[in-house]
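So, here come the structures, one by one.
Next, two complexes with chain A in common: one pairs it with chain B, the other with chain C.
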Partner chain A sequence: MKGHGLLTRRHLLAGVGAGIGCGLLPAQAAPGQTRFAPLAEEEALIAFGHVGPITDGGWTTAHELGIQKMKRVFPKLRTIYVETVPYSADATRIFRQFVAEGAQMVIATSNYGDFIKDVADRAPDVAFLECDGTRVTDNLGWYYITHWYASYIIGVAAGLMTKTNRLGYVGTFPVPSVIASANATLLGAQSVNPACTMNVISINSWFDPQAATQAASALADSGCDFLCGITDDPAYLRVAQARGLKAAMWNLDMRRFGPDSYVSSVVLDFSHFYIEQVRARLTGQWKAAGTFLTLGHGVDRDVWGATVPPEIAARADAVRDRILAGETPFRGPIRDASGRIRVAAGEIMDDQAIYQWDWAVQGMTGLV
Partner chain B sequence: MIVLLTGLLSTAVLAGGVLALAAQGEVLAERVGVVDLGVEGLMALGAATAVLVDMKTVNPWLGLLAAMAVGSAGGAVFALATVIMRASQILCGLAMTFLGLGLSATIGHSVAGMPVAATFAPVAIPVLRDIPVIGPAFFGQNLLVIPIYVLLPAVCQWMLFHTRHGLNLRAVGENPAAADAVGIPVTKFRFLYVVIGAALAGGAGAYLSLAVTPSWSEGMVSGRGWIAVALVIFAGWRPFNAAGAGLLFGLVSAIGYLGQAQNWPIAAPVLNMLPYLGTLAFIIVPVVLWKKMRRLMAAPAALGVPYDRSER
Partner chain C sequence: MMRFQRFSTATAGYVLVWRALAFVVAMGIVALLLALSGRNVGELAALVARSTLGSRFGLEDLALFMAPLVLTGSAVTVTSRIGLWNIGGEGQFYLGAIGAAAVGLFVHGPAVVILPLMAVVAMVCGMAWIAVPTLARAFAGVNEIITTLLLNFVAELLTYWLTTGPWRDRVTGALVSTERLPVAVPEIWGVVHWGFPVAILVACGLSLLMSRTSWGYEVRVSGANPGAARYAGMPTRARIVAVMLLSGALAALAGMFEVAGTVHRLQGGMSDNFGYLGIVVAVLARRSCLAVIPAAFLMALILDAGIVLQTQQLAATAVLAITGLVLLLVAIADELAHYRPVVAEPVRRSAPGVSS
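Coming up: the complex of A and B.
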């Protein structure tokens, strides 16, 4: 367990004492307030459980950057975090430890399902948030980014930039967030270049640079000239750079790993969400809910890479403007990989439907 | 087709080098009768050290040297426990793995996920580079490929099977009591070759983080150390076989990815299993079909047994 800044073991123990003290006070819920009593900034302790190391350069780093910005808004706030929380009963132990140390709010930056819900159920006075979660109880909410809009915009650029009309996707596991990401990119590409197809290779890991390198090389050898994916590391961008291809990334700006290949990235910014949630908890207004961080508010395409021609960037950004104005590109007819119409003409796939996407669109191979 | 084959072999050579180098080190350690299960941890330690030194000096060769030095230091600790103190090799190896994984995550925290300053970049060797398929794969990549696949195995093979020193070395692994009786310094031999093997494991980590990926991140070795240990068995404890086994394993895993990219009508999970199915097949089939293999491919007789002179 590590503290941000100068948090030492002594502070931590003091925090435990303070937490127990707080727990003994009777809850004073004023009318119109939730049962999460208001807190002074200096007595609040917020705990974060991360799925990877905060230096992974991807998903967890993106969360850590958001937390750092949040801490600048609440400088007296104390935070603690644990890295690389496994998806196992150990997660339960770690979340329970957070509660025992007096955390009034626990935020898991990935999906921990029952492992977090069990702890939340036994600590009704603690606010819980789970990224990529699905369930909402009295004190457990979830949040997620609607990354599919950013992927769609990048897909438009991909469709205009590919010469072979074959996009390669370095996938991880066939789970809905990956399926939505790949589908959205391909739909974006097909909207400007209907001949586009996409090959997916699943490497069975969120983080395995060597496997991602091999997968990217195999995609390049098979004629894909535009690589995208959802891994936490920049491995396939390096392959693209070495072989003169284009690549779109995830999580953060990664152009320094392949300046001549970097097109854009699905960039994440959790700072506003964390600031808002912590403020709500401190003022006693926090309520458990499911929250989608929308395009421009937590997720967006990154500033276009130097390799993207201005007219292509402009066309992709025109699509972005239409999405920001409220238009959705996920409108039927959308066919699945076998050609069957899954979303009828005129019908719209809303965010909930995309969040649970479990089939591949036409032109996709290797995804599910 | 030529493009596909070239790409396939290039990926296999690049990725297989990690396993070939680590397996070479394990061959040496096991030939003197010591199973070093710490390879995974030593590789992680080497990978992190290499990146740290590379960032400071902007020289991948110094990174490689430092990784080998740290590998030997880890190997010396392991040898102290297993060869001198005669502790269980299995337990100490596992401890070494966990120690290496944890320590590497700690020391590498500051450089995790960052692009390395200097890498073992591809260098085209004139003339040889122009041989179709094989040229780009072996002579168009980084300068470590030839040492890993040809020079190092050649030196080890010659040393093991064509010198008196090699004969003594193998005697230590087969029957340390007999070796001791004829005056071979068993403890010295074991200590030395465990340390050299560990240095090569550290070097394999450096190759992974400076030539293949190239960058350091926690968890990047992801089980390749264990595969290297398994490959030694498959290679029958022979240097050239170990290098070949690394290449073959790289090839099989590269075929799995190519199959997915080419949309072969085989489920992706099955293609991902290929390397492991392959390992099973390679080990079982020859032994079942060809009785003589059992003796040829047998492990050093004293493998895993601590040598105690007083129990001779």
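Coming up: the complex of A and C.
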């Protein structure tokens, strides 16, 4: 029993792993049935809905970089995008407008749930993709990165570098992707330093640099000397730099915002996925599916920061090598915040279980 | 000799003419800026027209935007009749959504029972949310603008807490929301649900209430001249309490329709600022309950055009700037409508000390 697809990108056809969650749609994506006619490159219109501005320096910039690389492969393709799509009925309106303007493929770079599914259900000829989604229908698929392995590796470095044994985490919403990120980081830290604890502050936004700065300052005030998080922007790295703390980031190489504090980042590369998906849509081969981009294939830890001691980097990278070789660090016993064993000794949490993680591990406060 | 003099009242005709002019000027400025940034203004305008008023989808969206805007606009308008400002529509909207979601999630029964119950519970929740500012205003003279505004943030955080904590969706588990409510407000035209006609009827009913009943008369007098109202024996304090509670209920009803008709899940951020936009609608409506309907229509048109412009690579902030420009010029136009040309009498100038 290994984690799903650690070495190769694995298409999880037909929904998201049998037996997890009864509410997931049955999602038999009618294998082999090509309902999407082939398209000439110059006729195609691909629309992107982003959760933040493409200049956020993080999550949305990472997607934009992937899109730019994709457009170099398909230079005649037309793309449009909308930034800062809210999680409200406005999202439905924007996706509907994409369809009305003739988009044959709509890609949301965040989880819009019903707001995108309602549009997809009424536009069966348009291919929809949702990052961090959970449902697969005939024309709606999802993709996500298995960022928890990169977070675990960075957590190992955090556990070795913290002096106070208190890690701070700038959270966004208590949703599974965030819970998985925080839990993985703390488990990585505890694997080398069992005394580590983590304090989380959620700011109810993916992109709110002011709130992230305030949260980071509060975490630093409470004694955390290593900051991590999952915000779209580099705000808390600046706080760490100003206060002489260490910080691990997300999305992109952000060392220029805090060269002394920068430890590493969960770096993302969506270009190969976008190229593959757009090509499939153009050739008429596109099928709705759930796809994980795995460690080394779309997500990884960044090159270690200048102030990370080489022996610590080596210890963390040894863990990375073991994960790349197929070993999973998410192995029981894993206890929740109340001390109860939630993953029995010897049991393994696979990617689907981690993707649905809704409880905090031992030593965590403020997460859920 | 002709000159312009400011009058204390502005006739509806003047206001309309000046506003139309303001709108044209605003569009002209926007067109000029877009042209300067290298965009094809004609094409954009045609696209906006086609995607809002010129298509079935666009009209459906306009109606969906209008339903909550009419209700939150009415909420602010009724308080303005008694001289108060309910800035807390956003919070009462969320409380209405919370109340409706609670009924939807935890009470089971046929839709004909559940939906009216949702509306009642939502309105009670909205009234409860404005109760403290109301009592503080009526009995202690505490400024209602501040108290209602500050409760907005509490309401939104309460929504986030409920939707990520006790009421969070444990089925798909990925959204910052509750489960999908099992009961929905029936759709009557495409995605347009009963919230739209109900909102229009509510606005019409409020207009009758304000203009044709002694209750409405007392509210208007209490707003226009509280001293005179008290001297005439009108129960000013009771009217303040009633109007503010009514206002809270109206904004909450907007939240109920949004959660049960449009979004189907309670979630943070679902309000789309309808509570705050209600203030804009009320300003545009100039304290007329009936004028709330065209004001909400204009606001809906701007919002819907904003969606279209965003897909044409205009940033959301640019759309916000356009909205701001329109409203700024409309406010100036409203002031200009108070001015009318008068012919000054030349006699007055040479009156004293002239003997001929």
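FYI, the second predicted complex is superposed on the first by the 335 of 368 C-alpha atoms of A that agree within 3 Å, B and C clash if a C-alpha of one lies under 4 Å from a C-alpha of the other, contacts with A are read in each partner's own complex, and residues count from 1 in each chain.
The rule is simple: a residue touches a chain if its C-beta (ideal position, glycine included) is under 8 Å from a C-beta of that chain, and two chains touch if they have at least 3 such contacts.
The model shown is predicted, which means the values in this text are computed figures rather than measured ones.
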| item | value |
| --- | --- |
| Which superposed partner A:354 touches (first chain B, second chain C, both, neither) | neither |
| Touching partner for A:67 - first (chain B), second (chain C), both, neither | neither |
| Touching partner for A:267 - first (chain B), second (chain C), both, neither | neither |
| Partner chain in contact with A:140 - chain B first, chain C second, else both or neither | neither |
| Contacts of A:111 with chain B and chain C, given as first, second, both or neither | second |
| Touching partner for A:215 - first (chain B), second (chain C), both, neither | first |
| Which of chain B and chain C A:93 touches, first, second, both or neither | second |
| Touching partner for A:84 - first (chain B), second (chain C), both, neither | both |
| Partner chain in contact with A:312 - chain B first, chain C second, else both or neither | neither |
| Chain B/chain C common contact set on chain A | 53, 84, 202, 204 |
| Residue numbers on chain A that touch chain C, as the complex places them | 21-24, 47, 53, 80-84, 86-90, 93-94, 96-98, 100-101, 111, 113-114, 132-135, 173-177, 202, 204, 356, 358, 368 |
| Residue ranges of chain B in contact with chain A within the complex | 3-4, 6-8, 10-11, 14-15, 18, 105, 109-110, 112-115, 122, 208, 212-215, 217-220, 222, 224, 253-254, 257-258, 260-263, 268-269, 272 |
| In the complex with chain B, residue positions of chain A that touch it | 52-53, 55-58, 61, 84, 168, 199-205, 207-211, 213-215, 217-222, 224, 233-235, 238, 242, 256-257, 365-366 |
| Residues of chain C touching chain A in the complex | 47, 51, 55, 57, 61, 64, 157, 160, 164-165, 168, 170-177, 180, 258, 262-265, 267-272, 304, 307-308, 310-313, 315-316 |
